[in-house]
Every structure is written in structure tokens, then in C-alpha cells.
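Which chain is which? They are A, B, C and D, in the order written, and residues in each are numbered from 1.
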Amino acid sequence: MSSSIGRILTLTTFGESHGQALGGVVDGFPSGIEIDEDFIASEMARRRPGSTSLGTMRNEDDTPEILSGIFNGLSTGTPIGFVIWNKTQRSADYSEIAHKYRPGHADYTYDAKYGIRDYRGGGRSSGRETCCRVFAGALAKLFLRKYGISVNAGVIEAGGIKAEGYEWNPPFPGPLYAPQNKNLDAMINAIKEAKMETDSVGGIIECRVSGMIPGLGDPVFDKLDATLSHAVMSIGAVKGIEFGSGFAASRKRGSENNDPIRAEDGKPVFLSNNAGGILGGISNGDELVFRVALKPTASIAKEQLTVTDNMENTTIEVHGRHDPAIIPRAVPVVEAMTALTLADHLLFLRAYER
Amino acid sequence: MSSSIGRILTLTTFGESHGQALGGVVDGFPSGIEIDEDFIASEMARRRPGSTSLGTMRNEDDTPEILSGIFNGLSTGTPIGFVIWNKTQRSADYSEIAHKYRPGHADYTYDAKYGIRDYRGGGRSSGRETCCRVFAGALAKLFLRKYGISVNAGVIEAGGIKAEGYEWNPPFPGPLYAPQNKNLDAMINAIKEAKMETDSVGGIIECRVSGMIPGLGDPVFDKLDATLSHAVMSIGAVKGIEFGSGFAASRKRGSENNDPIRAEDGKPVFLSNNAGGILGGISNGDELVFRVALKPTASIAKEQLTVTDNMENTTIEVHGRHDPAIIPRAVPVVEAMTALTLADHLLFLRAYER
Amino acid sequence: MSSSIGRILTLTTFGESHGQALGGVVDGFPSGIEIDEDFIASEMARRRPGSTSLGTMRNEDDTPEILSGIFNGLSTGTPIGFVIWNKTQRSADYSEIAHKYRPGHADYTYDAKYGIRDYRGGGRSSGRETCCRVFAGALAKLFLRKYGISVNAGVIEAGGIKAEGYEWNPPFPGPLYAPQNKNLDAMINAIKEAKMETDSVGGIIECRVSGMIPGLGDPVFDKLDATLSHAVMSIGAVKGIEFGSGFAASRKRGSENNDPIRAEDGKPVFLSNNAGGILGGISNGDELVFRVALKPTASIAKEQLTVTDNMENTTIEVHGRHDPAIIPRAVPVVEAMTALTLADHLLFLRAYER
Amino acid sequence: MSSSIGRILTLTTFGESHGQALGGVVDGFPSGIEIDEDFIASEMARRRPGSTSLGTMRNEDDTPEILSGIFNGLSTGTPIGFVIWNKTQRSADYSEIAHKYRPGHADYTYDAKYGIRDYRGGGRSSGRETCCRVFAGALAKLFLRKYGISVNAGVIEAGGIKAEGYEWNPPFPGPLYAPQNKNLDAMINAIKEAKMETDSVGGIIECRVSGMIPGLGDPVFDKLDATLSHAVMSIGAVKGIEFGSGFAASRKRGSENNDPIRAEDGKPVFLSNNAGGILGGISNGDELVFRVALKPTASIAKEQLTVTDNMENTTIEVHGRHDPAIIPRAVPVVEAMTALTLADHLLFLRAYER
């Protein structure tokens, strides 16, 4: 069940990085939704290795093969099974990572937990599994679209350089998937520099949802911010998340942080959005806003101290075509997990509509 | 189901702030665990209003009445039902909040979602529901104790003042439940000042778990950091969470952020702990470390702009005995959610032990 | 989680027969439903010991105390917590059953599973836990009522005597809660005779749901008949369940068992109902029909062979005020589990309504 | 989520009868289990159309392609994804069933629920989905084998002819997968006769599990008989289930039906097994015994009354290569659902082992 997420709209995934295929099942998807394959392809393209000049040149085919649940171009309400083939498996030399634990990776913890590990390319813990998330997220977006709900994310900090003076007019173009801003070149250069030094950088992604409707989120344990945190924090490289004013809220007075309310056209309007669009775990109709911290890519070619699976001290250099920054390619993944979570809450809300 | 959390060790709660009672059911608790009622009482005491001189003088009795699942002082494996009575209900005047939406509160969103709202004292969205979490967390701690796992949290920032130069030697004393440090008085004063100005402040809580064992956490959606984020973010005032180096990781190079590994006594030792004790969503045996941002208390006596439930503009002053900072009393709540999550993962690990 | 049932409308229960109280939480109940306390009381009354002259004279107070989730007589959408006190605990002598395993009871299996057992009155395995089911079922019925869905059950066989020539015009009167029929007296006498001989009998309950709407039930694992079987089979004394023509279907030809369909007023009408109102796990709008086999009460005063918890051979006579037949009092319990299951499916259907 | 079953060992499936493929994900499967592909193939073979001379001559390839979760022949603890291709899709003429509702089938109910239906070969409601169950069940059996638990089923009634005087020495040979008995020829002939008359018959399958250990099953809603009923009743053609003495228990006295207990080698031995190996929803270590009623195949070539999806009266003859009796091929499916349920309970028991 840990390979499933969602309550009534669920995604279940399988697959190792260098196994035969990845894939999964989207269950609880409403019937009668037109499956826009071009849109799905465009979402997949944003996540694909090689999609951005800042990332790996690795060219993986990520085209999902839909095996069920669609008939005459419409969803039928039955589970949507899909497979993404690992077509370009190279008969790589795994001798380096087969018995050494890569720092910052899950090699040791998988061995500790399962006693066995598919070490080829990181196995199950590889970021490649996020292709399944993006596919399912694209479906969720097609459903949310019917309600006018639009999920967009962008890079607002890279390698320690913050985007400054930006406007939020998504979707944001590559290679960084960041809003236009004074520091955009510096942000890009921070990544390029790290790459040249065989090192890597992290960054921050902001996600905003427009067209929100009030009532999404279920107290007290499935608050909207709680389930979003669960969904987004399950992305490999994510190390932190904050909603609205977030960590800065902890430094504000209540009189500053509470969003004043005014009535407009018979609806409440919030004069600020420190809440990030959520009050008491339920959406208030305002824009949903949160930010996510991603660590630098763990795979670097620099020499690092580590141990073997026999617990002998050694060193390792992780060569290969790795992204110097995972942030650009994580943008569609953050969107996908957000869309899935919102669609699940929306279906719940429908069940209880008065 | 949104009132339940956990997968096999579950907590289900009910109750409104000023209703007859709160309570719940702890299910999946192992049999044969000695129920140390003194320990439970001491945990409850840390959360109780009036427990700290920094908080409300409101004196609520929080004693949980255990109704099932215990026999001769031992857990029997059957569900542990409990009730916490709202004994000191005052026949308060709710006219102010019955029809006005308090800024920073869930009043509007509950109305939008359910069409009806128990406005007395915040109803279901009141922080009072956390007493059930602390009770269940105390049980979880009794189970974790058998494995030598110890969960401790403390305030490391209050009203914008950071704790400086502290050592981690919990449990931390009141009134702030913060580690001894250079700025302790300043932190306390920040709260007192806000109180005098009928305002409120937020802060940051750090939580650390010692005695961790490797293998806790389930890929890919129930990663340990994902489920902890879910559990902790479901606490009302929490607006952000970060693990290990967290948001700071986003500003580090991979070569800095990866924790080097050395072998010691046949076990891996991590020379730093930027990972916060989690790799690939699975505990690595190192100390678990995360931090939580809490917003300032939303209830303040200052005048604020708001609307009525008829969507007319108005103002509100939220009088009553409110905490100028929720952070001290949130410390045991953060611990409780952490202990519940770890105990659930531990039972999973046991199921799959080789 | 095994103390919870349902997917989005859930019931979680706790409590031992002779502990302080039983109770639970109904979560996911829609807001705005009028809580008809008289109706709830009448449902509880049908299950109460002493409610029928055929049963035990034991007089237990089963009045549920509702602790949350209701405001001004309406459900608020928040969890409904309730407690049923064990007021009439007698300081019974448990020496006989504390260390002897009663045949037909769960005494041995609880010890084997948990290593500890609250032996007082059967503890958690006592039929007394069904009072929580009837309470929650009454709430579910209040919700189903809005859709014109009505759940009724009746005894159609007792002590081997089948009801003959009956019409289905529920609700059925006590003491047997059986439809009027040629053999009604014989059915009642079968129970009385067993009682005089310090023995017990079983029987069969039929349950029918009128006002069904098509579309309830979710393929492929949560088919309506699958979830109903789960819910109903979880009632202690139930040993079998069959839908529509049931076991008799296995002796029919396809040409006999398939229900022919005709169109009437733009809707399909089934000329027979061997399907019991379910096709492919989804309700077809026809009357839902199933039957349940209940074993004879396990507690009998006759001497029986058994063993002690030290695995020594011994004999036991289970004295006390036990029902010679559990069937009449099981009628409202079967209805309750059916109503809960249908309400859960109905909410699902609403979530996916086009 | 309705396409998933199990609590910690879960099976999620997808796929339509005549779509591109069926498949699914087995999650929570323990690591380190040797994957015996020959055994899996032999289980699949028993279910395959054309496997028995009594069934359809349709020859479908059911070979599951395992895509993940196995490394060097051992399970890794990560999800096992699999696909079963619909290789032999004929470009059939669906005009007859595209707009007519086949009696005894789910055509109408899918349309009523989803507003759209993949009518090719029954789509999602086709019995072909059970191939995924058998695959997953084979994995579960490999795990249960380690504990000496063995699941076997056989046909004990066909077309109204009961097996008489049989011994239980499984596995049972084809074509009927029934124990050797006086009426075996008559049972087989009943099927052949129905076939000649373009009709179909049903029957009864008995399932027994040897090597049971006490403690499987979780009160009060996830009793072993409750979860088994859920799992088995979710098989398309099943209309009834009974445990131990089952419906016959309802005609027995308590003194007859209670199984007397004797101590033997420090363990309880039950002198009869009316309980079917379950007391209070928990296994008692005795043989698990239940029986399942299957309706006659709904697809028959005889003319039947039905309606079109425009609600016009019409008739239909369902031609094609259909099984005159589903019972032989259902034998491995019943075993599979039983094995999956037991393996799930076994993992739970391990989590709580003292």
C-alpha cells in the first residue's frame, strides 16, 4: 500500500530504474473525461531527461503506454493501467555501486530494510519513478480543468540565487522553468558552474493553484496542507515544504499574519494571503501557495567517503549522466502531486455536496 | 476517515472544543504493553492550558478516561477507547463569533464546506482536539520505549528570536520548553511583549528522535518524511516542516550536503546529518531531525477587518483567554504525532522482518 | 484499523462486554442531516437484551450518549463520537470462564493471538459490541431515507423451521421479528423448546432493500455483494451469506437463473430477481435481497468438553442469562451493517456522478 | 481503490477483456522470497480457457510478464508490476452486444454507473480479470508455503449433482478439478448435457486450508471470515459463501454445533469442525473450511428477453466460445483470493507477534 497514494482517486506505481519497465494504475478516475494525449505528452516532456539544457543529456523515452480504462478517447471509470518501458537500458557496469553505498542515496537503507537491493541505477529509489507521477498528474489536471483549477509551479531559487522581482505568469519556459526575473541568468549560471565543478546544487520551487474553490481538505488529519505535504514530501529530493508565509510566519505577529477579510460580490476576499489559501486545513478559495526545498543532486563525480556493504571504508565517485540540479525537472513532478491531491479532495467534496 | 491517521496503528478522534467531550480510539496497539498512567498524565500536563506561565490562564481538565483495551494494567490488543470531558464549559457569549468569521481561523471554510458550524470555541477546528493526539502519542511512546526510541522536541525560535548556542539535552523545562541558551530570556520576553500588546507570536520547534533503527519508512509514497509531514502538518498552527538541513539544503552543493559515511563497529556512521536521519524515505539509524514552523496564534484582541456570514463588512476583536504563543504547548503535540508515526512504521517493519 | 469499517463513511468501535463502556466514532457522515433521536432509540430497542420474550431477561441499558458532531439537532459533518455505558456491571464470578475455553467462543483464539484476554463476559468478542453497529446503522438509515432507500430484515427460519407462505411487509413484530406465516408459532416454539432443554438454536435472516438506485458498488474488489458480505459476515454468529438465488443458483441452468429484462417507463425491469438486485457487483435498481445463516448461540448450560488455558482437559457449563437464539436480536444488526455499507457506496456514487 | 484488495499485502488490478492488456501491482510482498516461475505458470494454466475439456475451446495466452520487484530470482520487497497481454484479440463483431444488455451480465449496471462502457467482450466485468488474481495468488502461496500453509479447492457439486463419498486429497485432476467420488461422471455429464443444450450450469466449490496457525484474523470488522468473504465474493460468479457447518449450522442445536475441545500435546484439538477453523473471527489452528456457490454461466446461446440501451424490448442470443460451467476454472481463483487474504493476515500477525 506504500506504493499507492490518494484516498478515492489513487495512484499505484511500480518499477525500478533499470528494470524492464515502470508503470502503475490510476484508480477512481471519473468516467467521461476526454483523454488529451497531446497534453499528457507535453507534461511528460517537461520531466524527461534531456528536456532541459541544464540537465543530463541522458535521453530516456518516457512515453506511457495506456493499457486500459479508455474507450473511444474517453475515460470509462475503470482503472487506467499504464507502462513506461525502459527501452534504453545500457548494459552498464554496476560494479562500482553494487557493493558501495552512495552518500546521499538510499542504497544503505534499502539494504538495511529489505536485505536485498536492485542496485542498477538506483532501482526503486531512482528519480525515474517520478515519470509515473507526472503521467497520473496529467490525468488529474484534465479532471481539474473542468472546474477551472490550474496548477503551476516554477523555480524561484537555484544554487542559492533567489528569483527577484518576478511576476507569476505561468507556464514558465525552459531551461529552468523559472519566472522571468532579474536574477534568471545568475540562477542558470549557478547550475552551470556546479556542473563544471562536477558538483550539484539544489533550489526552491514555488507552486500556485488558481481557480481554487472553497471546501477542499478534510479535518483533522487529512487537512489540505497535510495531504499535500505527504504527497509532495514523497518526491525523492524534497527536504522541506511551507504554505503561505510558511517559516516566515513564525517571525510575524498575529496582527500581521492574519489575513484581513472583506466582502466582495457576496464572497470573502482576503487582503493578503499569508494563509496560502488554506484555513483550518480547508481551502478558502484564495490562491493556493506553497514552496518546496530540494536538495542538491546526490550523484556527483567528486570523490566521497563511504563504506561497502561489508562495512569497509572506501571512497566513491558517482559517474554517469546526472543532473547537476534536479530542480527544473522536479517542477512538473511537484505539479503532478499537487494535482492528484486536489483531484482526490475534489471528488470527496462532491460526495458530500449539499 | 479524515479523522483517522496511521496505517496499522491508527488514531481516530472526535470532539468539538465546547461540546460535551472529545475522545477517540487507538486501534492496532500491541498487546502486553504496560500502561503507565503516570507517564500519560505527565504528557497531558505539558499540553494543558495553564501549564505554562506564558500561556492562557484557562484551566481545562484534560484527564483522559480510558474506556477499553486495558486489562490488569496491560494493553490487550483490542482498541483503546478514551474520552476527555469538557467539564469546565462556561455558558459563554458566542454572539460575537457566531456570525463573524475570525481572521486566521477556519470559521469561513467550515461554513463553506459543511453549511453548518459549531461556532462555540472554534468547534472541531479548535486546538483543543490536540489533547487526543497527546494521549495517543503517550501510548505510542510507551511502545517505542521498548525499542529504546525516544522522541523529544523543543522550541528553538520564538517571536523571531533564535535559540543560540544550545545543547540538546531534553526534556526541556517550562515555561518555554526550549533548550538552555543565550537567548532564552529574550525568547520568553518576545512572547510577554506580544501578550502585553494584545498580539501574538509564532516560532519554530525542533524535534529529534534518538535510538532510531534503520528501516523505518516505506517507499515510494509512505516515505518516513512523507508520513511525518502528513502527521505534523495536520497540527493546526503548523505552516512548514523541513528535515535535516531542510531549506538550507537548497543552498548547498551536493559535495557539502551529502553525509560522508564511515564504518564503525560494523555499522555505517554518518559524519554529518544533513539527511536528518532519512535516506530515500527510510531511516538510516542516525538521529531523526526535523523542524516545524508555527504561525502566531490567530486569536488576538486587536481589532481586525472581517465579514459576517451574511457577507457584510465588519470588524472583530477576539477576546478570551488565548495563548500569545502556541509554541510551548505545541511541543508535546509535535512529539505525539512523531511517536504515532514511528510506531506505525515500526509495526510495519516487524511484519516484514526477515 | 480492523476496528473500522467503511471507506468514506466509516464506523470505528471500541469496548469490551464488561468493561467501563463501549462506543466509537462515525466519520464521514454528511452534514445537515436531522438526527432523529427517537428513531435511533427505537433501533437500539430492537437489539436490546430483554427486547424479546424469546431472549435473555438480562436488562442492559444501551442508550448511546452522543458526544460530538451534532449541533442544533443537525449533523455538522464532523465525526460523531458516542459512548454506551456498561451501567449494570455485576461483580460476576468469572472463575469458571477465566481459565476455561468456552466451546464455540473466541476465548482460545484471543489468548493465542494476543497472549492476554479480558475474559469478563467475553470481552471484545462479546455480541454486546453490536450495539455500536446498530447506533451507527441508525444514522446511516437517516441518510438513506433521504433517497427513499429502506433496509429491512426478518427471520425466515428458526431452529430448522422455515417460514412458509409469507409476504414481505416489514417491519416485522416481535418477539421473533419474522414475517407473518403458517409456521410462525412453530418457529417460536422451536426456540422455547431449546431454551427449556438448556440448549440453543440458530436460524436464517433475510434482508431486503427497497428503493434501490442503480450504480451502487465498485468493481472489481469492492463489488456491492463483496462489501456487504464483509460487513455482514463480521457479525459474530453469522456463518453464511447468499445473494438472490444464492446457493440455489448453483443448481439452476443459466436459462433459468438469468433474469429476463423488459423495458418499462424507460427503465429496465427484471422479470425475476435471481440476481438479488446486483449485476457485476453493481446494483441494478431492483430490490436487493440476501440471506444470512446464524449459528445457534454458543453459550449453553449443557456440560461440554473443553480445556483450560493450561491445556488440561475439563468440562464446562456456561450458565448465565443467554439468548437461546440470537436470531431475533440479530435482525437490526444485519440491517445496520447493510445500511452502513449502502450509505458508503451511495457517497461514492455521488462523488462520481456525472 | 476499489481495484485494490488487501491491507498491507495488496493487489491492484486493471484491464478489460478485449483491451490491450490486463495487469496490476502486488505491493507489500516480503523480500527474499524465491519466485518459482514454474509454479506460477502451473497456477495460471489451471485457470486458462481451454485448460479443461469441459470449458471453452478459446485459447487465450495468460502468461504474466513480470516487470519489477524481482532481482536475481528473489523478491526485493518493492512492488511487483505485471502485465498479461491480450494477444489473441479477434476483430470480433460486437454489434450484438454493443447496444443490447445481456441478461445476467453487468452491461446495464456499468452503463447506469459510468455512462460509458467498453462492451468488447464484457470489458472490465469479464471473468478474464481473474487471471490477475491467480497470478497474485500464486505469489501469496509462495509466501504461505514457508509457513507450511497450503490452500486447496475442489468442485463438490456441479449442475445439481453432489460429490458423494469423497476424500480430501488435493490437488484434484481435471477436467472438473473435483475429488474422486461416486458421482464424478454424473457431475461431468451434467455439464456436457447443458453444453449440448446451449445452456449452462453452476456448482459448488469447497476450499480447505491445511497447516493453519492460530491467530489469523482481526476483530471486529476484519474477522478472518469477513475478509475472506469480501475477497471470495468479489469473484464474478459467486453468489454465496458459508464457513464450516455454514447454512446447516442454522439448523443445529448449540450442543451439536459447538466443537468439543480436548488437549493433545499441549494444544487444543477440536473433535469436530463446525466452526470451519474460525472462532470469533480468528483462526483456531484447525483446518479452514468454506464453500462457495457459483451461478451458471450467464452467457448462453439460447434466446433471452432483454432491452437495448435505448430501452427498447428485444431478444438476444449470446454466441461465442463460452464455458458451459465456470466452476472448474473458478477453482484456482477461489484458491488465489484465499491465499492473498491469508498472507495479508499472516503479515499482520507478524507485526504484532510478542
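In this section, a contact is a pair of C-beta atoms (placed from the backbone, for glycine too) under 8 Å apart; a residue touches a chain by one contact, two chains touch by 3 or more.
Values in this document were obtained by computation on a predicted structure and should not be read as measured data.
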item: Between C-D and B-C, the pair joined by more C-beta contacts; value: C-D
item: From chain C, the most remote chain by mean C-alpha position; value: A
item: Rounded Å distance, chain C centre to chain D centre (Cα mean); value: 26
item: Separation of chain B from chain C, taking each centre as the mean of its C-alpha atoms, in whole Å; value: 39
item: Residue list for chain C, restricted to those that touch at least two other chains; value: 1-4, 7-8, 13, 28, 31-32, 77-78, 113, 115, 124, 219, 352, 354
item: Chain B residues within the chain A interface of the complex; value: 1-5, 7, 13, 101, 103-106, 108-110, 112-113, 115, 124-125, 129, 157, 159-160, 194, 199-204, 214-215, 217-223, 225-227, 229-231, 233-234, 236, 238-247, 249-263, 266-268, 271, 274-276, 279-285, 293-300, 302, 304-307, 311-313, 349, 352, 354
item: List of chain B residues in touch with chain C within their complex; value: 1-4, 6-8, 10, 12-16, 19-25, 27-28, 31-32, 65-69, 71-72, 74, 76-81, 83, 113-118, 123-124
item: Of chain C, residues touching chain A in the complex; value: 7-8, 28, 30-32, 77-78, 219, 347-348, 350-354
